[in-house]
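Shared between the two complexes below is chain A, which has chain B as its partner in the first and chain C in the second.
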Partner chain A sequence: MLRAVTSRALHLLGVVFIVSFVTMIMVDLIPGDPASVVLGEGATSEQLDQLRQQWNLDDPLLLRYVESLADLVRGDLGTSVITNDSVLDTILERLPVTLEIAAIALVIALVVGVPLGIWTASRANTWVDRAGLLATSLMISPPAFLTGLLLAYVFAVRLHLLPVTGWVPISEGLSDNLRSALLPGVALSIYETGVVARVLRSAMISTLSEDYVFAAHARGLSRTYVLLRHALRPSLIPLFTVVGLILARLIGGTIIVEVLFALPGIGNLLITSIQSRDFTLLQGVVVFVALGYVLVNALVDVLYTVIDPRLRNRAAA
Partner chain B sequence: MSVWTSAARISRAATVVGRGKARRAGGARLPVVLAATWLALVVLAAVVVDWLPLPHYDIPVGPPRQPPGADAVYLLGTDEFGRSQLVRLMVGARVSLAVSVGAVLLSITAGCVLGLIAGFYVRAAKVIDLVLDAALAVPGLVLLLAMTAVLGPDLWTLGLGLAIISVPPFARLARAITLSYADREFVVASKVLGARSVRTLFREILPNLVLPVGSYAFVVVAWLMVTEGSLSFLGLGVPPPNPSWGGSIASGQGYLATDPQLVFLPAAVLLATIFAFNVIGDHFQGRFGLGRPTDT
Partner chain C sequence: MRNTPVAADPVSLTDDAAADDSAPGDTGPLLQVDGLRTGFRSSEGTAWAVDDVSFQLEQGRTLGIVGESGSGKTMLARSIMGLLPRANIECSGQVLFRGLRLDQMQPSELRRIWGTEMSMVFQDPMTSLNPVVRVGRQITEVLRAHRRMTRSAADDAAVELMRSVRIPEPERRAREYPHQLSGGMRQRIGIAIALACGPRLLIADEPTTALDVTVQSQILDLLQQQQSERFMAMILVTHDLGVVAGRADDIAVMYAGQIVEQGPARSVFRTPRMPYTDALLRSIPRVDDPSHTRLAAIAGRPPALLDRPPGCRFAPRCPSAQDRCRQDAPPLVGGVDPGHRYRCWFPLGAEAEQAGPPGNAHDTVSGRVPMPSATT
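Presenting the complex of A and B:
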């Protein structure tokens, strides 16, 4: 058990090392002199020197990497080239917006996807199941910006029910805040709903073919009871992995929706940093998103062994 | 005798056995036929657009934002600069398909080599796993955005980026298959007969990858088209004046209230194409695949 945990932890640490290294050398890959590319034509030589110093561009690569790792460990992601604000503070300021629409998307995906998965699995190979499969493959086909545009067209442009773009912070009233977060949340949730329903369906179908389910039916238990009490719980394990994946994906996956609905989240921050060639900010966001992904994955790994005791023994073997 | 022919024989036998079943599930066939027809049409449109007597995609042919009309040039109306929407969609199909399919061919090659090595050599597997996980830690769109920020938006950067983000799923799949074949008799026999590892890998194991990886490729192309569309929608994908479906949708966005067809025409074409790739991919995977190794 302990050995499995340490090897997993080392693996995740390795991932962090690689990602942070690649993000750091990103600046070196800019064709030409990075400093003058970032600052533009009008920069004075003092400004250029200052930026080179800030990025330690004159130091050897390995030394720079050690320094940037040390900064990372201290939670220092540098300061923005344009605004001089702390990158970490800027990210943390934007984070609640991204988290809120991601949370809305996840809740909708579970509330709709789980019953859909159970229903289609219990009617496997009937017209319900086939219609469900077609529906879920329709759900996982469109890019988020298409669903977003369609929703915006129907609910905002045509029906005037919800605002087209813009963000109202929670501090200005919960209902207005939810109104501005609803469309982006729904737009993001459609793909994830399809994924949840599909994963749960296939897991349930394989559980339903187990002997103990057959035995439960033989004992005369009702169909619903067997479905929900006997078959659902073991089928939730693959779903759990997927929820981890969805969470991790949503951390960076809200970009499109944030741009489409003009929400001040991390995704929009990333786009702004690219447009203004603010590479420190860009590096900060990329590392932050990657760390979030690694963290969620580590959490899922840990919770996995809590939920499924069989895995503890397998990991030890 | 090669493994290839025996595998082909098994799959033919499976088709014969499965024929009765396939007929019963007849409802599932129609979407596949429709999807294949649509893809054939899109490919045809992308190929023949240069030879048809149609105006250039960057030249206005009439007033802006014309609704879809009767003749060939106005068939789908004009965009916000009065350029023919039909021509732009056809040329956009070519750009979109070429970039996505090209990227997939590149990532299949890299992914299969990595997967074969990881499945065959335990020690290499750890390193490869680490690199793949690191690549997965950065969401595909974020990686592509960072690449365009550094290297500037052009078609080669886009293709390379799309190839990079689709290597991990192929490598995972290839490794899983390699592992399942590593102890099979014909592989052991090849080793015992003194074949070098490279020969065993490429002559004995590689042929078994073709069908599952090939079926999975359709799903990956769909995913890459989504990503390419998203990137072009953000204005950082296919650089203008090259037409792209995502770019057309983005530029029509401002007229959503007055001329929704500017958004929904390219959107419908993009959606239908992605859906078609998914349907065909699901169909092939049901027959030859091992399911989706990762849901990226």
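Presenting the complex of A and C:
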């Protein structure tokens, strides 16, 4: 167990090192000088030099990398070169928005996708299954911005049920907050629902052909019981793999929907930091998202062993 | 008989319609199969895996069904229980179990019989137990579903059952997963599940084929002992006549979907009439044979489902096949011994009573009755 945890922690550190290094190189490759962008057209060369010195921009890349790593390990993501605010604070301030719509999307995907997957698998090759396949392929075809636009048009513009754009924080009332989060959450959930239903369907169909499912039927257990008690759990492994991917996608990939609905989340923060050439902020956001990926993956690995006892010894070894 | 609290007690423990002890079937045989046929539909026609099988099984007795791989034993067992997929399967004939026409029952009615009145032990306990469910729970779920037991009553009953199938430390084992048990222990769990609700008929489909040679006879002995303690009927399916020797009251030999010889075990073992049975007997490995090699494997392979010869299905492999065998299919008819029937135009050791051509004497294995321990 200790070894498993240690190897996880090392993995985490490795990812942080690599991601921060790659981000730094990429930021460095963006044409233009951050100092002149920040100071604007009319800056004198003394001012520029001063700023460049302050940010160690003239140091070799590797040296800057090692310095920023040292900060990173201390949990210090630095301060924004534009606003001078703490990068970590800025991220933490935006995080709840992204997490909330990601959570809404994931909950919808699971609540709708899991029963749909089970149902279509248990009726494989019947019209129920074929209708389900058609529905899920419609869900995974259009890109999120299209579903987002469509939903906004129908529910906000036409029916006036929900606000078109904008964000109401929870502090200003839960129901208004949910109303502002609902459309983006649903827009994000549609694709993921299709993915969840399809993955679970195919996993269940293969589980349903296992000997132990046949044996469970032969013991006179009810169809529903066999489906939920014997076939569902072994089929969750591929589902959890996919949920891990979905979570990762939602943490980092709500960008389009956040921009579309003008939400002050991580995705929008990333866009702003790129547009304003705020390289410390950009680096911080990327490292933060990468950390999220790694943590989600670690969680999924732990969940595997909860589902399948056969994996427990291996995980501990 | 009542060595466990959940042992078969037809009056107090069985539920629903089938519980009526005066059911008409109780006067006749427990199980009566008549003209059972099961086939797979395909573009080239229906392939009959089970082709016109009939037999009877009395309360408390053991029928050994023997045949090579592909002869239709598993399909027969499933057809009897009504455990067939609905798609592309054709099934006809009668299955009468305690007076109930199983072949006419709906799946929902059959579910009340499966696992309670009639249960199955599977070939491979590794694949037939759910790898992610604790073995104790796989026993209790049957009790809870069919007997409406409370959780704690079912837990106690499961431990008792595990004890009765000789699983050491049942309380601890109940909390383990199948992969934590040895093959023999897993099959004991499989047997405990099958016995949980006190069935009247146990169908064991090659229960030892997937097991280590050293535990095979232990499992067979356990089945036999449970069968006599509970006065259950048992169908013991195997490809090895040695497995049923000394354990079955009656034997049915299957070849290419048909029963080719059937009768009391004693009679079939002593005087096999059909050359196929004779060949099977010769292929029993014997314990006193140090090499444990098969004495004589049967040359050739059984015919493909859709490509069966028109006459006797065994003719292409039969050492004593004649022209008549290749043209006309022999019927299943009786000889001198009561209840002993076979499908053969030229039965072994029967030249005197049959109009077979002279010089057709076979070197039968008469008198070489394998001992029950010869189960390797």
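By our rule, the second predicted complex is superposed on the first by the 281 of 317 C-alpha atoms of A that agree within 3 Å, B and C clash if a C-alpha of one lies under 4 Å from a C-alpha of the other, contacts with A are read in each partner's own complex, and residues count from 1 in each chain.
To be clear about the criterion, a residue touches a chain if its C-beta (ideal position, glycine included) is under 8 Å from a C-beta of that chain, and two chains touch if they have at least 3 such contacts.
Quick caveat: nothing in here was measured; it's all calculated off a predicted structure.
When both complexes are superposed on chain A, chain B and chain C sit side by side without a clash. After overlaying the two complexes on the shared chain, residue contacts for A:Ala215 are found with chain C alone; chain B is out of touch. Contacts of A:Ile18 after superposition: chain B is touched, whereas chain C is not reached.
Of the two partner chains placed by the overlay, only chain B lies in contact with A:Leu138; chain C stays clear of it. Of note, the Cα-centre angle with chain A at its vertex and chain B and chain C at its ends comes out at 80 degrees, rounded to the nearest 10. In the superposed model, A:Met26 lies in contact with chain B only, and not with chain C. Touching more residues of chain A than its counterpart among chain B and chain C is B.
Of the two partner chains, neither chain B nor chain C is touched by A:Val243. Looking at the shared chain after the overlay, A:Leu72 reaches neither chain B nor chain C. Of the two partner chains, neither chain B nor chain C is touched by A:Ile205. In the superposed model, A:Arg233 lies in contact with chain C only, and not with chain B. The least CA distance from chain B to chain C in the superposed model is 8 Å.
No residue of chain A contacts both chain B in one complex and chain C in the other. Touching chain A in their complex are the following residues of chain C: 81, 83, 110-116, 119-120, 122, 124, 127-133, 141-142, 145-146, 177, 179, 193.
Residues of chain A touching chain B in their complex: 11, 14-15, 18-19, 22-23, 26, 29-31, 125, 127, 130, 134, 137-138, 140-146, 149-150, 152-153, 157, 195, 199, 242, 245, 249, 251-253, 255-256, 259, 270-271, 273-274, 277, 279, 282, 285-286, 289-290, 293-294. Listing the residues of chain B that touch chain A in their complex gives 25, 27-28, 31, 129-131, 133-134, 136-139, 141-142, 145-146, 148-152, 222, 226, 229-230, 233-234, 236, 246, 249, 253, 256-257, 260, 263-264, 267, 270-271, 274-275, 278-279, 282, 295-296.
Those residues of chain A that touch chain C in the complex are listed here as 210-212, 214-222, 225, 229-230, 233-234, 307-310.
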